Every structure is written in C-alpha cells, then in structure tokens.
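Below, each structure is written out as structure tokens.
Here come two complexes built around subunit A, the first alongside subunit B, the second alongside subunit C.
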Partner chain A sequence: MKLTKTLMASTALTVAAGAVLAQDMADSMTLVSWGGAYQRSQVNAYADPYKEMHPDLEVVWDESSAEAVAKLRAMDEAGNVTWDVVDVVAADALRLCDEGLAMEIDPEEHLAAAPDGTSAEDDFGDLLVGDCFIPQIVYSTTFGYRTDMVPDGVEPPSDICSVFDLETYPGKRSLEKRPINNMEWALLCDGVAKDEVYDVLATAEGQQQALDKLDTIKDEVIWWSAGADTPQLLADGEVFMGSTYNGRLFSVIEEQDQPVAMMWDAQVFDLDGWIIPANLPEDRLARALDFVYFATDTQRLADQAKWISYGPARQSSAPLVGEHAELGIKMAPHMPTDPENAQNTFLYNYEFWADYRDDIDAKFQAWLAQ
Partner chain B sequence: MSDTTQSGPVLAADGTPLKKSLQKALRAQKLRALALVAPLLIFVLVTFIAPIADMLFRSVENQIVSRTLQNTVVALEDWDAEGGEAPGEAVYEALYWDMFLAAEAKEHTRLGTRLNYEQTGVSSLFRGTGRGVDDIGEDQIDALEDLNEAWEEESFWYELMTGGDGAAKDGSQLSAARERLSTLTTDSYRGNVGFEPGAEISALLPRTVSEYATFAVYTVFVEEDVVAEEEPWEAVKVALIEELKAGADLSGYSGPGAEELRAAQEMLADQPDIDYKAAFLKEDKDWGSIPVWQTIKTYSPPFTSGYFLNAVDLQKTVDGVEARPETQQIYIMLFQRTLFMSLVIMGSCILLGYPIAWILANLPVRTANLLLILVLLPFWTSLLVRTSAWKVMLQQQGVINDVLVWLGMVADESRLVMINNQFGTIVAMTHILLPFMILPMYSVMQTIPPTYLRAAKSLGATNWTAFWRVYFPQSVPGIGAGSILVFILAIGYYITPEIVGGTTGTFISNRIAYHISSSLNWGLAAALGSILLAAVLILYWAYDKIVGIDNVKLG
Partner chain C sequence: MATYTLTHVERKPLSFTLPVLALAGGFAGLFVGTAQGSALLGVVGGAVLLAILGFVCVTMLDGAKERPARWAITIAMAVAGFLVGSASGAVVGFLFGWFFGWFIYWIGEGRYRANLVPYLTPGQVLWHYTFRVLCGLIFFFLITPIVVVMPLSFNAEDFFTFTPEMLRLDPEGYSLKHYRDFFTSPDWQQALWNSVTIAPVATLLSVTFGTLAAIGLSSEHVPFKRAIMAILISPMIVPLIISAAGMYFFYSRLGLQGTYWGVVLAHAALGIPFVIITVTATLVGFDRSLTRAAANMGANPVTTFFRVQMPLILPGVISGGLFAFITSFDEVVVVLFVGSAGQKTLPWQMFTGLREQISPTILAVATILVAISIVLLATVEVLRRRSERLRGMSPG
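On to the complex of A and B.
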C-alpha cells in the first residue's frame, strides 16, 4: 500500500516535471527559408549544431520565404500561425513589423553579445533596421558578365554605367522586373550624384529621368523575376551581363566554372535575417528565441560563410570567415563586404522604398508594358 | 364517367389528396438527393465559395481608417477639403488621441501601409509619428511632475481615478474604453479589469477618466499587468492637463487627490497651451500637407469604391473620380491584353486541335488510343517542366534558333526573338492547353456516325460541302465545350506568362499575384479578381445567348 502510494506520487511528480519542461520549450520548431543552397548553408551552420545540443528537437523546414509576408498575414488572419522563425529580407521584415505580424526584438535581451563583450546592438550596428529584424547576412545585388562576350580590344566592363553603354558593350542584359535598384543605377549613370539619388527619385521628374535612361536599353533587356534566371541566362549565353544576387554568381563562377566574372561596381547591399512571428504561444516563443540567440552569435554567423558567399551581419564575425567547406577556396575575397569589392556600394534604402514602392512600381510596370 | 363527375380532389389509395401525396413523395426524393450531395455541397461552400466571397469582399472593405482614427474621422467631417488649407487645431487634437492609442497598440503602421497605396509617403509619416507621439505635451507633463512627484505614482493615480474605497462608481467610461479598443484591434476585451472609475471624478474630469479607462483595459488585457501597479501613459496626463487648463471646477471636489489637483490647476494656468498642430508638424512636416488630409478624408468611410476605381485606371479624389496619370495606367491595357491573348490562344487551339481530334475519331480504336496517349502525355507532365522546356526551345541560343542558323535560314547575329514576348506566351500556352481542346472535340466527333458523310457524298456533295454542311455543324458542340474550357483556363493563367511572357506577354493575373504576395494590396487584388470574374461570367452569358449553352457537349 505504502509502496503504491510512493510510486504514484513519484510518477505524478515526474509527469509534472516533464510537463513543466515541455511547457518551457516546444519540442518541434518550424523554420522558414528560401530553399536551395542558401537553406543548405543554414542547415549546416545553424540547425544541425543546434540539433546536436537538443537531440529531441524536431526541426521542420518550409521553403516559403519568397511569399512569407502574404502567407504570414493569411495565417494571422486565420488565427493559426504555424511558423516559429522566418527568414526574410529586411524590406519584408519592415513590412511584417508594420503590419504587427512580427515580434519586436530587443537586441540586448534576445541576441548574444560578441565574444569580446561588445553588445549585440553595437556588433550589428546599422544593420538592425526596423524593430523586429534580426540580421543574418549581408548580400548584394550586383552584375556578372560573360568574359567571352567582351568585344575584342575593349576593357572588360568594370563600371556600372557599362550596363547602359550599348556601343562599347553590345549584347543583351538581364535586369530584375521591379524598379528597386534599376532606378538607382539608371540615375547614377545619368549623372546624378550618389548621395542625391533618393532625393531625385522622390520627385516625379526624377522617376521619369530614370525611366528615360532605362528606355535607352529597354530593347536589349530580358527581365527576370527569380534569382536563378540571370545565372541561367549567363550560362546559356543568352545575355552578356545581368544583375542577380552575388551568391548566385559565385556558384556560376566557382562551382559551375562558367566564363563569367563579377562586376562589383555600385552593388546594392541588402540584408537577410530572421523574424519571429508575433503572438506565438509561450513554449514555442521560448524555443524560437533560444534558437535565434544561438544561430546569430558570432561563430555561427561566420560558419555560414563556409557554405555560401554572403557576408556575416556581425562585425565580430568577419575575421572568423574561413574557407569554403567543399571547394577549399578562401571565402573572404568573394564576400560583398570585402574592401576590394566594396569600393562603390549602395545600401538598400528601406524607408524610401517602403514609401515609394507602390507609386514607382505602378509607373515602372506601366512603362514596361508600353 | 362517374369518376369525372365526382367533385373534390383526386385521392390516393390511402385517402390523402393525390396532389399532396405526390408532393410528399417528391419532397422526400429531393431531400434524399440533397442529402447525397450535401457533403460535397458543404465542402464546396466552406472551402471554396466562402473564402472567395471573403476575398472579394475585401475589394470594398475599408474599415481600417475609421477604426484606427475614430476621433479624427469625426473631426474631419467639418473640414473643407477643397479649401486649400490644412485642418484646424481640433483635428490635430483628435489625431493625438487616436494616434497615441494606435501607436501603443501598434495599429498605426498598418493604417500607414493602407493609406500609402493611395498617397505616397504616408507609410513613413505614420511610422515616424508613432515613435514620437508620446513626446507631445512633454513640457507640460514635466511641469506637472516637477510640481508634485505624486503625478508619477501609479497608486496615487489609481486612488484618484477610482475615487477611493467605497466611493460611488460609474462604469460607463469603462465600457466605452472596451468598445474603443475592440473597435481598434477587433479583439474583444471582456472580463475583470480590476478598476472602476469613481462617479464623482468621472463627472468632473471625463476626458481624463476616459483615457485612464482605456489605459486600464489595455494594461490588463494586452500587457497582462495590474492597473494599480502601472503608471498611466502620457495621454492620460495630457487629458488631465487639458481639462484642468480648460477650467474644470474643483471647488466642490473633496475626494482623493483634491489638494494635488488644485495645486496643479493653479500651476498650469501659467503654462502655455499644448499646440497639437505645431507638435505634429514638428514630428513631420507632411502633417501640414493637404493631399495627406484629403486622402484620409476620402478614405474615411467604412466602404470604398477606391479599389475598383484603381483597378480600372481611375482614382478617387476629393473632387470625385478622375483618370490616373497616363504614366500609371496599366490595368485596362492588361485586361484587354488578357482577353485578346486568351482569344488568340483559344483560336490556335481550335486550329491545331480540330484536325487531331478528327484523325483520332476516325482511326481504329487501337491506333486512336495510342495517339490519345501521345496527346495526354504532356498533360501528365508538370506544368513548370513544360514551360521551361519551351524556354530551352525558343530562346535565342535555343534549339530552334540553332537549327535555323545551322540551316542558314537565319544569320547568327539576327537570331529570332521568340520568347519573353507575346509570341512565347501564345506558343507555350497553346501547347499546354491543347489537350483541353482536343478531348471534348474528340468525344463529340466519336458520336458523329460516319454514314452521314457517306450519305452526303452519295447524294452528290463534294468533299468540302460534305464536311462543311454535314460534319462540321455536328462537331460544333465539341468546339464550344473546348473553347469555353480553354478560354476560361487561359484568362486566369499565371505561371506560364510569368516565365515566358517577358514584358509584353504577361496577363492581369500576374498583377493580381503581385498585389497578393508582394505589395500586400489585397483590396486591389480582390477588385481586379472580381472584375476578371465578372468578365468571364459576362462572356459566358454572351456565349449562351449567341451559341446556346445547350450546344455544349463534353461527350
């Protein structure tokens, strides 16, 4: 009788203890990312080491980052958010924050300090855009060109304006089918000073000026909407030069050995990182925060660069960037943030595009359709 | 004879009138039929019709403005939008109360995003102001707190607002606060707040009590804190300052905090008034911009035609409906293009499909089945694979161009441009939709007896006459069915035009997809979708009038 009682009591205790632990952190977590090589780099650098520390955890990946904003909004309206940590570009993070769909982050509380004690806030610096965004990498949208299509006796293109120079560099170009970046490049090559680009672009005349400049090459442009398009067009020899994400060009050049070279001039920096959906249940939130704390520390961010040529968002990670895990080449010179590559750069202007995106996009699409 | 002369209704065997009994039997039959289809019917209603209706409803829904700016919208009613002057102080004061609460509840940026679709720059205007709105009235609040530290104490405020233990209570402000918050966030705020306003103070300082009650409800339900342990937010203090300055009559008041209130009133008399307009203009000069206010006023009703107007290249302004600037007109052109290209695709499907269907119908069954598999094979292949295959075929360094160059028919420098334009879309979509045309045609042609053609010929008709006068009319129902299928599928096609359409070959559905997934302008997407749906229904109706829907056969 006494034994049974003790047994029952201890069972109850164990169950209660288990319940408390389970309450603390959920044992499954849904991560949302972009698929492909990028997601693989995240699995290798973040998810696998984290799983080693928490063997009972089940990690589910969802490749929905491209539609994350719309899907998260739909989930929120349906009252059933199934995602725990979502990888988005900074512009989308800003929108999600504005819509109240992403949780606000306090860098001091939610993110790890650098090994030398620098606070997370200082370590990430200006890259902490918006209140909800946890930066992960710096990538850039830049141009690559086919080295075998450079005309004889002409220097290979090294200036952004060679994109608009059809005389010296005849051939097709591929540009993204949206105004962002294209309008800035057009103005830059139409004689607008770099620090005045957004002031000019804020006016109707400036927008027209950019479209007029783009008009000079419109017949020679193939417009892309997926990041894989330009690498494919370059590999097929369909275009002479084209814009895309620098990591995609890296894999065309280094992994697929195509006759393609980078033209880093006027590359546009953009950020990619995590957000945590607003109003998660407590146990899932605890899990998400724990994961993000781990996955954005100095070493983890540097590790990601072993698998993909995107720069870590922390200053303290930069010296730790080593060699590619499979190719064995030094990664630093392939980073958009490398001083050699970053001689002339732009930072995506989030506030500007949040305001002007709808207006300029309408004009841009109308211009495209003409 | 005797039967017909009998008066009264005809009776069934069991004595009930035959009519009734028949009706009963029929009703039972109908119910049984209904019960059988009920699962599917309910499934379709719940998973298909309801979401579509909900989505289409967004094309007119616009409650976010009046929900977020509850006071401002009312205050704006008196403002003359065409007068060329920014609104007066009263509107800015109303804006302060709305903006403060919206910023606390983080609803202001949603409204900013919504209004930014209509007026560029509103998004950052709201985002920026949301950050600075709690600084408004800062000098006066500081003066108040310098005068007596009690104004920073949560327990003092709680005592003041409840009127102390045992004082008479007045719950009306509290229910108004619940109402105000649930209008703003569309959540419900039922339950115990742990605070009830005192009746005396409610009568004396209604605005302050109202703000405090809102603060209390928010603290309890959103922040999940205890009211008595939290210092009220700035808007409560601003409300108090306003009311004391406006000369609230404290002479008869003897409840908690009477001393402090009198001292504060005396001190505040020397303080300048809070200038809301100047404060907002300091936050962002765009608050003085007339177009911003015009946009807010134009879009303040809970329902709007604005999305539909945008969807047909018009815009809503204070002067009424206007055409959009020419540089932004795109949707009418896209609708026209979508209709035109769908018709072309349908036409080319008929031209290509008819001979194939005819051959299939006239071959021996065994051979026909083999050929039918060839027709269906691409049908079973992924849409993306087929579209990408066309890319490889048609691009400038692609298979067709390579062959043409090799044959010497095209110079290497002037390879044909066959993709990323209308031509590419038409070719790829014709290929993809062809089975939808061939199959109904084939099944209709199978039912046409070959003897008719032979009879016509034996009566002296030429091959052409026999085909055109005898065979073709009988195959029209198949063409009709195929055409409707292909046209309706084509008009809503999205992925193929996106991949091979370039700039001149994209459809309206590509813009709808953009507004759903990128710009998040779901209202406009819903309006465009509704118009597309209406266009299809009208065309279907016209088809019924002209050809007759009875003439459509799937087999």
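On to the complex of A and C.
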C-alpha cells in the first residue's frame, strides 16, 4: 500500500516536473541544415515525429549550413544568435568549438543511451570528435560513372586509379574544387601506400607529387563546388565520372534512374552532425537539448536511413536500418559503411587538414590558376 | 508608317543573286552541318543547295508561281528535317524552308529595296540591313537565356537537361511535375507568401518616401541639394553586400534583424533611389506655376499635391514603384543578411535550391515569375496609354 502511494506520488511528481520543463522550453526553434534530400530526411525522421510530440512547437528550417561558420561568427558579433540547432560537417564543428561559438556537449548527460543500455559515449565511439560535435551520419565522398560511356571491351572502372587513367577511360571527370580528397587520391594512384599518404602529404615534395599527378588529368577535369554539380554533370553526360557525396549518387542512380553506377573504391569517410550555438537563452537551450536528445537516439538515426543513403553514426542503429521509405529497396547495401562497399576506404584526417589546410589550399589554388 | 513607292523594284542579275544566296545558305549550313558532325560539308551543301534553288526559282520559273514554289521549298525542307531529326528536325526544317523561300524571292526580285529611299547606294542598303541584323542579334543575346529556361521547366526529369525525349518532342519527355512541386511544396509556398507580403509594403514605403524626397529636392530653397541627393541615391551605388552587412549589424542592435519589418525597411531603403530618380526626372517637366495657381485659388498644399501635382507626375511615380517592387521581389543578398529563415523570400529559396539541389522547380518558378512580370508590365502600359488617351495627351 505504502509502496503504491510512493509510486503514485513520484509519478505525479515526474509528470509535474515534465510539465514545468515543457513550459520552460521555447515554443519555436530554428534548425539549420543543408537543404535538398538530406534536409528532407531530417524533417521526416526527426522534426516531424518531434512535432507530433510537441504540437505547439514551431519549427523553422534555414538552409545555411554551407556558411554556418561565417554566419555564426557574425551573429555572435552582433549579439543576436537566431539559430538553435545547427547541422555542420565535423571539420566546421571543430572550428566552431575552438572559437567558443558552439556549446560543449557531455555525451552521458545530453545524449540518449542505446536501447540495450550501452552509454552514448560507447555507442558513438570514435565518431565523437571534438567536444561540441553530436554526430548524426557517416557519409562518404566517392565516384560515380556513366555506365553508357564505358568504352567497348573495357571493364567498368572499379579502381580509384581509373580516374587518372585517361587511356583506358577517356572522358571528362568532375572533381571538387579543393585539395581535400583529391590530393589523397592522387598520391594513392602515384604509388604511395595508404598508411603513408598523410606523411607524404605533409612534405612540400609530397604536395608537389600530388599536384603533378593531378596535372596529368587537369585538362579533362571540370571542378565542382556544390554537391549538386556532379549529379547534374553525370545526368547531362558532360562527364564520364565524378566525385560527390554518396547520397547524391544514390539519388541519381536509384531515384532518378540515370545510367550511372557507383565506384566505391577509396571512398573518403566524413561525419556530419549537430552543434548547439554557445550562450543560448535558457528556454531555447532547453528546447535545443531536448530536440537533440530525441533526434540522435538509436531509432531516429536508423529512421533517417529510410530516406537517404547515409550511415547512422550510432553502432546500435545499424541493425535497425530498413528499406527506403518510397522505393522499398533495402538500404543497407547502399550505405557507405556496408562491408561490400567499404573494402577499401579512407578516413578523412581532421588533424592533418586542420594543420595543413591553409598551406595546401594556397598551393592548390595557385596550381589551378596556372 | 509611310510607304515609299518611288523605288523601282526589279529583278537582280544572277551574278548578284546566286553568290548572296550561296553565302546565306553556307551560313545556315554551318549550323546544320556542325550539329550533324561535319561543318565543312554543311557549309558547301548549304551554299550549293541555296544557289540551285535560287537559280530554279528566279530563272527557270521566271519568277512566276511564287507561292507554290515557296510552299514546295518549305515542305521539302521540313521533310528533310524530319528524316534527319524526326519531329523537332521537321520544325527546324519548316522554319528554314519558310525563311529561305521568302529570302530567295526577296533577294532575287530585288524587293529588299522596296521600302528604302531610292537614292541609297548599295553600301548604304547593305548597312541598313546589317544594322537590323545586329540589333536582332543583340535582342537574341538578351532574350535567349530567359527563353531557354521555359521548355526546360517542363522537363520530366529532375535535371537541367534537354533529354532525347524532349528533343524528339515526345510528350513523354515533358511534364508539369515541377509546377506541381512548386504549388504543393510548403517551402515554396511559404517563400511565395513571404515575397508577396514583403514586396508591396516595401514598395509602398519606397514610393511614399521617394516621392516626398524628390519633390522636396526639386524645390529651389533646399540647401545642399546635391549632397542630400547623393546620400539618398547611395544604396544604389554602394555594393549591395556592403549595405547588407551594414544593415545586418545595425538592425541586430535595434532588434529588427530577422523580423518582417526589418526586411521591409531594408527593401524600402533599396527601392527609394529608383523612385527618387524617376520622379525627379518627371518633375523636370513639371510647371511650378500650376501649384502657385492652385494656391491662388485657395487649395492647401496637400490638396494641391493630390489634385494637381500627383496626377501629372504619376507616370514617374508608377515606374519608380515598379522598379522598387522588382528590386524587393528579386533581391537575395540583403534578405539573406537581414532576414531569418522565417522571412525566406522566393529568390532566397531559389538561391538555396540552386546551390544544394539543382532542381527544375527553380525553372518552373522562374517561368511563372517571367509570365507575371510580363503581365504586370503590360497591364501598367495599357493603363498608362488609356489614361493618356483619356486626358488627350497622346493621339490614338
């Protein structure tokens, strides 16, 4: 009897506490993301279910992730931070964290544990880079090629070095207009062993070696700067092969039915996730933390993979990845992390690029202009 | 338009007709040939074909049976086009045939001199038509990027690509799905709603303040007129990105950043210079004695303004207002700074759409906007003419 009473009282208390908490949270929230199919997957997997739980909440999306660092700096300077939760790539999260523009996160306190009780810290594992970054997905930058442009009697390209092989695979290529990834691929195909790539790239000779290798295909390269460029160029038949994010290629191949195929070799893994701007007012902070706790739990991350072919950042989400919400195809084989696709992968080296980016960027741009 | 009947139109000698036709045919053949793989073959083929056609039409048929001959050329070219490139080839062939059928007789029968004064030298005639062709080319250069967008917006695929189905004029290659997307997507509808609520209010503010400023600046007793004018015009001259960054920090301090009124005020500031310039220009022709006459008859300044001055400078006010409206409606830089996601306007949505996902929905929106602008400008022009006619300011 006494036990029941205690239980009831504590339930009532919890409910009351919950109500108080809900009142303390802001009733509108601005989420910042990348637009396009990726943002749609977030709306479907996170924002819509969250809104169902909180019908009074107004959610505004801002497609400004591409200039999140600059905009957050300006907002901070103007003393008027209007964003609540911001989706950025890991490298940007590290920069924002260093500059004190993003809030530090304690995984144990701010993130949900896995359903089997594994702590968030272990569930995310190595992907928790920096102190402010809340990982969402693993994506990769990889190549797609036009299947109808493969020359007769030649095997379709399956090796990263076919990008540099103009004799066997003639045609234009599209590469991103920045050194990251391109320099690594160039060295890999110039005989440098995979685990030595960054050691070589740290030297001036190594950088020159990479640029020299890129020089052999420079005339055949169309440089892209937005993720949508390569899909458009591939669909146009303007390029034979091109690098872009694997989700974009998935969309071109499976959703748009274009004659394009993936070449997963030497795909470069990168992370994307949330940060919460530093120094938010209390009610907005409470809302942001509540949303992030919900949106990064095991089920939500697995749900996102129904709409886009990016791998969930939690280990516990992987077995829950199901079928595409509209096409009904199994999503697991399209994940960059699928064992079949991940036979030869490359992990983007944050530390290296943090140290060398400015220097190599300058050399790369100078080389481009030659 | 007066017609000149002084000029004697006569058949030209073959030594003139055939080279000119061959030249034109070679030029057209260059395009056809390049598209089909051999530019040289196209040039030679086009030149020979047109010379022969010209010879047949002008000499052998002796200029008679013009109508059937032209139809024959048109149909023959359309059929040839169809054999090469099916439906779209037939359309191109038809247009080529129609044009060259007319061109052969125009040159061969010397009709090109019909509407010109008789004393022009051949060089002057040549320049007369070269000038027209140049004007046409400039027009083409200006209009093509806009026109090209329109068929692409009916693309059945999600890329900015003329698919083989589209080029064959196959109905399968076309669809209205991007228009459907625009009208059903909440993102686009919200953006449209924002644009539609921001632009008219910004325009109203610009027109009010701009007109007042222009009237004030045109009266004689205002000191430092030029300096004030320069300051008021400055939003038009200073690079937009600088105004935008400045407004961002200024409005943040005032608490206007990210609000509806912030964007409206920023757009009004951008629109004011256009109104000032157009209204100042119309005020130059405004007779000041009219206001004095009105005052003399007992009207107060407000009545004078609305009953006398305003109707006379209305064309300037309206065109300034149109510019202000279009500035606000097209503006993307300032709204990116001053607005927040809740004030996302159509150009902002198009901008992010282009960057993140190249979707033909943008082209569908562009087509709709072009159509709206044309309707808007045409309406204003019709109203203006009507009021001018009613007030007897222009004949007809």
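The working rule: the second predicted complex is superposed on the first by the 347 of 370 C-alpha atoms of A that agree within 3 Å, B and C clash if a C-alpha of one lies under 4 Å from a C-alpha of the other, contacts with A are read in each partner's own complex, and residues count from 1 in each chain.
In this section, a residue touches a chain if its C-beta (ideal position, glycine included) is under 8 Å from a C-beta of that chain, and two chains touch if they have at least 3 such contacts.
None of these values were measured; they are calculated from a predicted model.
Participant: Are subunit B and subunit C a fit on subunit A, or do they clash, once the structures share the same frame?
Facilitator: clash
Participant: Quick check on the superposed pair: does A:A354 touch subunit B, subunit C, both, or neither? Answer first, second, both or neither.
Facilitator: After superposition on chain A, A:A354 lies in contact with subunit B alone.
Participant: Quick one: classify A:P49 as touching subunit B (first), subunit C (second), both or neither.
Facilitator: Neither: A:P49 stays clear of subunit B and subunit C.
Participant: Go through the superposed model and pick first if A:T30 touches only subunit B, second if only subunit C, both, or neither.
Facilitator: A:T30: touches subunit C, not subunit B.
Participant: Contact-wise, after the overlay, does A:D62 reach subunit B, subunit C, both or neither (first, second, both, neither)?
Facilitator: A:D62 sits against subunit C, while subunit B stays out of touch.
Participant: Tell me which partner A:G171 touches in the superposition: subunit B (first), subunit C (second), both or neither.
Facilitator: Neither: A:G171 stays clear of subunit B and subunit C.
Participant: Under the stated touch criterion, which partner chain does A:P259 make contact with: subunit B (first), subunit C (second), both, or neither?
Facilitator: neither
Participant: Of the two partner chains, subunit B (first) and subunit C (second), which one does A:R73 touch, if any: first, second, both, or neither?
Facilitator: First partner only.
Participant: A:G100 in the overlay: touching subunit B, subunit C, both, or neither? Say first, second, both or neither.
Facilitator: first
Participant: Applying the touch criterion given at the start, work out whether A:A366 contacts subunit B, subunit C, both or neither, answering first, second, both or neither.
Facilitator: first
Participant: After superposing on chain A, which of these stretches of subunit B ends up overlapping subunit C: 397-405, 415-423, 451-459 or 505-513?
Facilitator: Answer for the clashing stretch of subunit B: 397-405.
Participant: Mind sorting out which residues of subunit A both subunit B and subunit C touch, each in its own complex?
Facilitator: Correct list for subunit A: 66, 236.
Participant: Help me check something: in the complex, which residues belonging to subunit A touch subunit C?
Facilitator: Going by the criterion above, the answer is residues 30, 32, 34-37, 39, 60-64, 66, 74-75, 77-80, 82, 226-229, 231-232, 235-236, 256.
Participant: Which positions of subunit A touch subunit B when the two form their complex?
Facilitator: Subunit A reaches subunit B through residues 66-67, 69-70, 73, 95, 97-100, 172, 177, 208, 222-223, 225, 236-238, 351, 354-359, 361-363, 365-369.
Participant: Which residues of subunit C touch subunit A in their complex?
Facilitator: Within the complex, subunit C touches subunit A at residues 157-161, 245, 248-249, 252-253, 257-258, 340-342, 344, 352-358.
Participant: Which of the residues in subunit B come into contact with subunit A in the complex?
Facilitator: By the definition above, subunit B touches subunit A via 106-107, 109-110, 112-113, 116-117, 120-124, 127, 327-330, 333-334, 395-397, 420, 498, 502-504, 506, 511, 516-521.
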